[in-house]
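Paired with subunit B in one complex and with subunit C in the other, subunit A is shared by the two complexes that follow.
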Partner chain A sequence: MNDKKLIIIGLLIFFGVCSSVCWYNWLSAAEKGAPEPLLSEKAKAAGYCVVPKDKMKAEHMKILDQWREHVVRTGKREYVIPETGRTFNMSLSTGEDSCMGCHSNKSEFCDRCHDYASVKPYCWDCHLEPKEKE
Partner chain B sequence: MNSSYIFSLILVIILCVVAYMGGNAEGLRLVFGVMIPYLAVFLFVLGFLRKVLGWAKSPVPFSIASTCGQQKSMPWVEQNKLDNPSTTFGVIIRMFLEIVCFRSLFRNTRMRFHKSTDGVKIAYDWEIFLWAGALAFHYAFLVVLLRHLRFFFQPVPWCIQVIEFFDGFFKMEFVGEVIDIGTLQIGLPGVFVSGLILLAAVIFLCLRRLMSPKVRYISLASDYFPLFVILGIAVTGIVMRYFAKIDIVGVKAYTMGLVMFKGTLPPENVGGIFYIHLFLVCVLLACFPFSKLMHMGGIFLSPTRNMTGNTREVRHVNPWNYPVKTHTYEEYEDDYRDKMIGVGLPVDKKE
Partner chain C sequence: MEKSRRSFLKIAGVAALGVGFTKPTLNAYASSVVGPHPQIGDKALSAHHWGMVIDTRKFHSEKDLEPIVEACHKAHNVPDFSDMPNATSAEKKRHEIKWIWGEPYHNAFTDKENHYQSHRIEHLSFPVLCNHCEEPPCVLACPTKATFRRDDGIVLMDFHRCIGCRFCMAACPYGSRSFNFVDPRRAENLKEETCPDFPTRMKGVVEKCNLCAERLAKGLQPACAEASKGAIAVGDLGDPHSNVRVLLEHNFSIRRKPSLGTEPSVYYIV
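On to the complex of A and B.
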């Protein structure tokens, strides 16, 4: 019966497509493990960020969104860390105390993980990308 | 109270609790993170093959193509080529439209009592909401599934990035104070509309089963179970993306470990919600071949849709027919010709 051949071809196609998660990755040479964001010398020296590292890893986008809302609606840019009392400038890319002031290496700090997880933040639709020092 | 949905609901709640506790138990990360996912995929593949090959062995004794239009007939009778195709190409077109547009479901009707001055009459109306809900559900699920491939491909192929772009097209955002909740922030990471449509469609399909007395009567626990499992998957996924955020890069390192057979464990502190999400997906995969969900493979093998409507042109012979020993009249006459002629019976051949 011809149908049997067709059904087996269909099954082969189905499982071929399903198993692409294996063979695509076996064939591609890209590094599969999680990338480590590279901290700049300044960030390393500071040793802390506005919130602990683990929380920052999962929630930095939330903090950035809330900061933007706060700055745009109230105009106040001062952020004091309760633990140390240090003041930060609530800004993505302006000044030494802003996010990019410390994490000046966008391609090594931001992009590595964003590319890995296929995330395309729209930060740089409005902000100027910082010029990276070689 | 209906035992079918209560049973399914309790079962899904138990599964959630098991996953939550298992994920938080230190020693069980290997079991819930690696062993159960592999087992689920193994069951899915094996069960799927067994089911489809079983169907392939089943005979199709009759041509039972459903005819929703005029069959090919005399030249002056117009044929409905889409609903009663007489060629293989026509069948391919019908199957394609069936699979991508659910045309059979589009014809769904509903019986109701129509009250008029003459009294109560039975009336049938066109009921489009099941079709609309099913279409929304299936396409949203497909997009959600394809989007999740970003966790399983490195580098992420451009086609998945295109899907993500269009899925996040509306850029819904909200930041503000909500009474009793505190600050609510939604919009970063970008809102994917497919997840919301999936959740809404699952809720609609659940409510349809629960609210309509006729549908509730024919619904079994095995009808509710996949709906509740998918509801759980959608809710936990949405919670992880927008509310209780998790370390996505760590999760991708884990999923890449799965497809590369490295046995990487899920990141520490990923949270119980992640394990509920993962475990329910595993349950769905493992149940898939043994449940109504097999309509995914079955739709291709439905004889009423995939057979050609050419019963007037071609005689359908069951390919499983075995040769039957026959004794025709000609052979009978050959055996008894002399005797028949002897007693004066008429014969076809004299010699």
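On to the complex of A and C.
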């Protein structure tokens, strides 16, 4: 009945091993940090996107989905922002004013975060990625 | 507190008026504040009912069809498996993807076959494509609404939604639909060069002619019409003064398999 010490040490080791995954993640994240998407020269020069940056970060997939619905079903292919008078081509990969028309650096802009977050969007199974200059 | 019938009715009346007035007032306010929104572009061509008239008298041999097929297939990144290495001709045929192609008279117009036919008709290769039917059986068959008929008559596909069940292919009486049995990007022609204005498809997706909806939206004529040197006209069947209606008024025309009741929007002047 004097195994108290052993039991406590055993429990500590057990919980330590169980939570090691979390510790590893926290420590490595603190070391490297989440990657920031890099803007292309054109995107930097423009200085604005379809919606503010934070909203874009959180909701770009929803926006793309809504755009698809509008373009394919209703034929509405221009996104107008009355405040600035700007129009965008509601397309992921075709034309000057499309997403990739401005963000022509897919590997630095899209892939960095997607790889980090381990999401594998299947956009590029069909949509053609812009040719990146070496 | 006890409520009399009278006071209850008063309150109910006022509440009903309030509800009645609020909605239109809010709506009026909402329409005056317009945020970012999608719209149809200024250059976009529109129609009540898009249709096509093909003047087959302007086609003399299969050679006349080639540039048309090429223009269409190039514009839409249609894979070409005809030079697939180590494949039998049957395999090549199975993997064939076509949006517009040539078909002899007896295949294109199955219910109009006579014993004795003029020499020209007998040997002509008729350009065939999706008929953009008024009553499209493919739309009825599609379980995911990936194929649908737009208000302007174009039978369109949302490739994102296609699950590859191929019900539409079974339903289409014109064979206008092709299935991607292999990744289309494996085709030699797409490995070499792709048109940046249109995506490719992926393995497991059905595809067909979209009447160049993406070109019409930019104010351009469909690729086939542009390459046809006037043999193919695309316009508004709903407008009696449109180019296509004028052509149909002055020339005898036929449609493919009209007895099926699909009401094709593609007319052939023979």
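The rule we apply is simple: the second predicted complex is superposed on the first by the 104 of 134 C-alpha atoms of A that agree within 3 Å, B and C clash if a C-alpha of one lies under 4 Å from a C-alpha of the other, contacts with A are read in each partner's own complex, and residues count from 1 in each chain.
Just so it is clear, a residue touches a chain if its C-beta (ideal position, glycine included) is under 8 Å from a C-beta of that chain, and two chains touch if they have at least 3 such contacts.
In this text the structure is predicted, and so the values were computed from the model without any measurement.
Of the two partner chains, subunit B is the only one touched by A:Lys32; subunit C is not. Once chain A of one complex is fitted onto chain A of the other, the partner contacts of A:Ser118 are limited to subunit B, with no touch recorded for subunit C. Contact with subunit C, but none with subunit B, is seen for A:Gly75 once the two complexes are overlaid on the shared chain.
Of the two partner chains, subunit B is the only one touched by A:Lys57; subunit C is not. Applying the stated contact rule after C-alpha superposition, one finds that A:Cys22 touches subunit B and leaves subunit C untouched.
When both complexes are overlaid on chain A, the residue A:Lys4 reaches subunit B alone and has no touch with subunit C.
Common to the subunit B and subunit C contact sets on subunit A are residues 68, 122. Across the complex, subunit B is touched by residues 1, 3-4, 7-8, 10-11, 14-15, 18, 21-22, 24-26, 28, 30-35, 54, 57-59, 61-62, 64-66, 68-69, 113, 115-122 of subunit A.
Contact residues of subunit C toward subunit A in the complex are 34-41, 44, 77, 148, 150, 152, 156, 158-160, 194, 196-202, 213-214, 217. The touching residues of subunit A, counted against subunit C in their complex, run 50-51, 67-68, 70, 72-82, 90, 93-95, 122, 125-128, 130.
Contact residues of subunit B toward subunit A in the complex are 45, 48-49, 52-53, 55-56, 60, 149-150, 152-157, 160-161, 164-165, 171, 173, 175-176, 183, 185, 187-190, 245-250, 252-253, 256-257, 259-260, 269, 297, 300-301, 319.
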